[in-house]
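As structure tokens, the structure follows; a few thoughts come after it.
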Amino acid sequence: MSAALRTIALEKRFGGLVATNKVDFTLEHGARHALIGPNGAGKTTFVNLLTGVLPATAGQVLLDGEDVTRLSQQRRARRGLGRTFQINQLFPAMTPVESVGLAVSERMGGGADFWRSLGARRDIIGEVLDLLERFRLIDVMDHPTARLAYGKQRLLELAVALAGNPRVLLLDEPAAGVPEAERRELLDTLAALPSDVSILLIEHDMDLVFSFADRITVLVNGTHFAEGTPGDVMKDPRVREVYLGEEEHA
Amino acid sequence: MKRRDVLVGAMLAATTMATGLPALAGGEPLKVGLILPMSGPFASTGREIEAAAKLYVAEHGAEVAGREIELVVKDDAGVADTTKRLAQELIVRDKAEVIAGFGLTPLALAAAPLATRAKVPEIVMAAATSSITEQSPFVTRTSYTTPQVTSKIAEWAKANGISRVVTLVSDYGPGIDAEKTFAQVFDDLGGEVVDSLRVPLANPDFAPFLQKVADLKPDAVFVFVPSGVGAPFMKQFVERGLDKSGIKLIADGGVTDDDILNSMGDPALVAITGFHYSAAHDSEANKAFVEAFQKANPGMRPNFMAVGGYDGMALLYQALEKTGGDSDGTALIEAMKGLSWESPRGPVSIDPETRDIVQNVYMRRVERGADGELWNVEFETFEAVKDPAKSGS
Amino acid sequence: MSTRTAFSPGTVPLRGAAPTDLQARALRDLGRTGRWRPAEALFWLAALASFFFLPDQHLLLTEVVILGLFALSLDLVLGYAGIVSLGHGAFFGLGAYVAGLVSIHLTGEPLTGLLLGGLAAGVLGFATAPLLLLRASDLTRLMVTLGIAMLLYEAANKAAWLTGGADGLQGVWIDPLFGRFEFDLFGTTAYGYALAVTFLLFLIARRIVTSPYGLSLRAIRDNALRANTIGVPVGRRLVAIYTLSALYAGIAGALLAQTTMFVSLDVLAFHRSADVLLVLVLGGVGYLYGGLIGAIVFKLLQDVFSTITPEYWMFWIGLVLVVIVLIGRDRINAAPLALWHRIRGGAK
Amino acid sequence: MSTATTTTRDPALMLTILIDGIAYGMLLFVLASGLAVTLGLMNFINLAHGAFALMGGYATALLMNRAGLPFLATLPFAFLVPALIGAVAERTLYVRLYRRPHLDQVLFSIGLVFMAVTAADWLFGSQQQLITLPAWLQGRFELAGVAIGRYRAFLILVCAALVVGLQFVLTRTRFGARLRAAVDDQRAARGLGINVGVIFASTFAVGSGLAGLGGALGVEILGMDPTFPLKFMVYFLIVVTVGGTAGLTGPFLAALIIGVADVAGKYYAPELGAFMIYLLMIVILILRPQGLIAR
């Protein structure tokens, strides 16, 4: 059985600069996998290659064994690759119900329906409410997104991604900027994500990484540097030198 | 216009409509809708006509044959659908019994079907495309037609030793009209049009076109451009030294528009133009007209637009006198046919067949007058010229 | 894929059951934009009343309604998809010319010309839409659309054998509507016709912008990147709305050609595209009424000012625009709403 | 139409046309350069830019025709009058709108255009303003067999000097550095002790002044009447869009390309006439959506 997500010798160059250097990477089904690395290690570029924001210079991206290297963002999304963003990418003028409702209806192929209002779509409402409940957004579900507290916006970011019913979910620093008071809520929700979704977490926060991930990949200078269980990685002296050491000084 | 009169008029109109009686002549004011481009790129057309029409009313009194004339000025900004709407509003809402003005051909054409439907005379005071008067039996004209003037320029050119000509016109209706007329007449007389250049309206840099003229070395270049564009043209003509290379500049009189001629400076001296009106026309009527116009409108000199507006009012006044104040559209237009009078431009008449104006066409050159100003001085006259496009000559 | 569910049902009742409070609340929010407000009904009642009680103004009102429909078509792309265009006159003009030509060469029946005018503009919209998908700034889109409109203008000027060139298209004649209502000099039929067509198109537009498709457009406008990652085919959706908008603009143009029975190059001129943008921005973007309200305000101001001063009315319009911006459009737009709330609050 | 459509491919003639085109392009650049700064650097859509050109053009025409000043002596006024008015307008009006949406800026600045157009009409009449150039700027001279209009040569020299000066100020002076800092990040610039308000106001004033100078230089070639700001608005926008909003080099190139293509197009392919400039713009923008030189 093929992996949930795999890259083979994935490469990205900007002119002479190598941002991603022949990375081989595997995300197993149902994995809780973290991708770490110092600033400028090329994590964001790597995620952008996975999701199709950037075209790869060489190499392949396989989603459930299927080559998606040449597919657009939107087609990869339709094939079950979801993501959240380091900086909130929400629809400020829409409410959580609308945002999640749209994502659900797009997934079900109802996005091109230009006649019936979503308000008449009883069939999706159960799922929408379920998601909102799960991400603790019920209370604010009919408030404009722009006016939500930051922590709630982070949760909505997750809810919208989940609404697309992804098989693989890339979480790009989900805890970034969340104030301490709202942090607990976020961690709980992350822990409760459905187990059949394979998750790649890109994160700086080591507490979160170690509490969440069962496997860690370290990226340095665009190169696959090390990989293993949290215990292995923590013990790896090279990793401590380039990353954790640096982190302690910071 | 006093408020009381409006009320009376409105009441009368209401009674008329209620009882179905025909409108009684006399007492009731006659509204003339004057639709002109008063803003936008053709605003100066509207200003000249409005000033002249008002001058006529001021000189001859607001009352004629027992009817008080009321001018209602509307701005169409040179946009045809606005012209049409304004004309329609004037006719159905304000009960205007004559519509007049029309700064550009499409504007006059837009209103023509209305004139037919409402049986309201349409007096065209500016637009110059030949076919306008054919669009409705209620259209008449006091300006000029492009072929009327252009054909005489072509005749004059051939008779004065010019045999190879390049035509240069603005790429729009009247320009193309002029180009065709010139080529046809000149060709019939045995001349040769070497090339026909069309300049986009939007861009007034003539450099590439003048370069082409210089290459072709014709005896003369015939020019038709809208008023206001003539000045930069002549300047660039002189700048390129075309005048010194022996190429004559012959043009429609719009190029040396009286309104701005004086500020064109010496380059204007190269132009020989044919036209139906010059502010320097040597007659008592014209001297009085120019003086009165300049007194009422300091800083302006009456041009061909102004005389079109002035004569338009003259035509209406005479027709009303002929009908004894009856403003029925059919009666008015019938009365206008065949009228003739002494205009500031010289003797004019309305062709009873075509309702178009018959007038003298003058050849002029620009000269500096005794007052130090530039004037179009007439030196040759073609008398009583009809619109050749319709009279078949 | 569709067989998988992300969640097993949790605390929220299953679909099919009677809607709970929560469901009702969620559905209400989803249907929020689609619900009719009293002010809307009032607006259209006023429009209907104007047909019966302002017979003297029918000609001006026809122009207002046509400009309003044209601005509404621009609102569909600007307000709902965030695409600015300075070339919408291309569609308006094409619709006008096609409607005019249909009446001359095919049939004077108004609805046929209206439909063909709209369709022709829609086809042009569909053909030029890909240009808008270039990775470009608003400014680039503005200028590309403007360029297309100017090319069409020049083409119409050159093709004088078909369009009549600068003289305009002669001989447009429209038969009575439904064979019964003649297009009279008072403009009554014309106004009723324009108003009915505009209302119908408004209803359709309203339905569309409140549908899931409309919601996806709002999502694209808000955040195209995110819309992409939840699987919205951004490019296709934009092409679709641009095409629809072009069709609407074409119908507005056709209405103008039919009600004035005249078409000239003005319909394609730059000022047409610029005015409609002005009108829409004046009325407010993104709620469908902006175009209609902007058209009413703009035309009435123009009519009033140009009656007072035919030469210098533009100055006062300019002043009004400047003052409106300085005060803030939001505050002005909010004023009627605040007033409404006060009235309603007082009535309770 | 006949024999003469076969045009001579005479190199001297081609040079003449090239020089005409360059002069036209240079003029366009001077007219549009202020807009390139406000739109490109300050990100403000100022459709009223042409109104400042109008002021400059009228300053020159009126001072020459009514006060009898010589052409050259009027040019400083053509710069200063709009610059001064620009500075005042910037401090009192524009400054409130920098942070507002682009559509607000469009509405506001088009309102200003309407007011400027009618004000000019009311004050000075609706007709064309014409000037008579001094004798030494009239006519042509020959250089190595190539005929060159004196005024066009003058235009090229003046505009080239302006371009070099502008580029120098923007890239080599403290003012230029401060402007770029203020544009990139207002808050950071304020932190560095830069008076952003003064920088913006003076930049706006210079941009308006340049437009005025362009208007004055253009009276002879483009004409000058109250509708000038509306007629040429599109041309300015084309120059800036095609050039790109990164600085002045792009718009300069764009103006030259458009100027030469327009003049040469009309000479060698007159049937394309008015299509030329728009076709060129669309093609360039399809190939380079961000303009010739992008940020």
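For clarity, chains are labelled A, B, C and D in written order, and residue numbers in each chain start from 1.
Heads up, the rule we're going with is that a residue touches a chain if its C-beta (ideal position, glycine included) is under 8 Å from a C-beta of that chain, and two chains touch if they have at least 3 such contacts.
Which chain is which protein? Per UniProt: A = ABC transporter ATP-binding protein; B = ABC transporter substrate-binding protein; C = Branched-chain amino acid ABC transporter permease.
None of the values given here were measured: they were computed from a predicted structure.
Undergrad: Hey, how far apart are chain B and chain D in touch steps, shortest way?
TA: Minimum number of steps from chain B to chain D: 1.
Undergrad: Taking each chain's centre as the mean of its CA atoms, which one is farthest from the centre of chain B?
TA: The chain farthest from chain B, judged by C-alpha centres, is A.
Undergrad: So, comparing each chain's Cα centre against the centre of all protein Cα atoms, which one is closest?
TA: C
Undergrad: Chain pair with the most contact pairs?
TA: A-C
Undergrad: Using Cα averages as centroids, what's the distance between chain B and chain C in whole Å?
TA: Here chain B and chain C have centroids separated by 39 Å.
Undergrad: Can you compute the centre-to-centre distance for chain A and chain D, using the mean CA position of each chain? Integer Å is fine.
TA: It comes to 49 Å between the two C-alpha centres.
Undergrad: Roughly how many whole angstrom separate the Cα centroids of chain C and chain D?
TA: That gives a centre separation of 34 Å.
Undergrad: Of all residues in chain C, which are in touch with two or more distinct other chains?
TA: Residues 154, 157, 271, 311-314.
Undergrad: Scan chain B for residues touching two or more other chains and write them down.
TA: As it turns out, chain B has residues touching two or more other chains at 39, 43, 47, 171, 200.
Undergrad: Among the residues of chain D, which are close enough to touch at least two other chains?
TA: 118, 121, 273-274, in rising order.
Undergrad: What pairs of chains are touching here?
TA: A-C, B-C, B-D, C-D
Undergrad: Which of the residues in chain D come into contact with chain B in the complex?
TA: Residues of chain D touching chain B: 1-5, 7-8, 13, 16-17, 20, 24, 65, 118, 121, 125-132, 138-140, 147, 149-151, 220-223, 225-227, 231, 262-267, 270, 273-274.
Undergrad: Taking the touch rule as given, give the residues of chain C at its contact with chain D in the complex, in rising order.
TA: 84, 131, 134-140, 142-144, 146-148, 150-151, 154, 157, 270-271, 274, 277-278, 281-282, 285, 311-315, 317-322, 324-326, 329
Undergrad: Spell out the part of chain B that touches chain C in their complex, as residue ranges.
TA: Per the stated touch rule, the residues are 36, 38-39, 43, 46-47, 73-75, 79-82, 84-85, 88-89, 91-93, 105-106, 109-110, 113-114, 117-118, 129, 131, 135, 171-174, 176, 200.
Undergrad: What residues of chain C sit close enough to touch chain A in their complex?
TA: The touching residues are 1-2, 4-7, 9-15, 19, 22-23, 25-34, 207-208, 210-216, 218-219, 222-223, 225-234, 237.
Undergrad: Name, in rising order, each residue of chain A that touches chain C in their complex.
TA: Contacts found on chain A: 51, 53, 72-74, 77-80, 82-83, 85, 89-95, 97-99, 101-103, 105-108, 110-123, 125-134, 138, 141-142, 160-165, 167, 194, 196-197.
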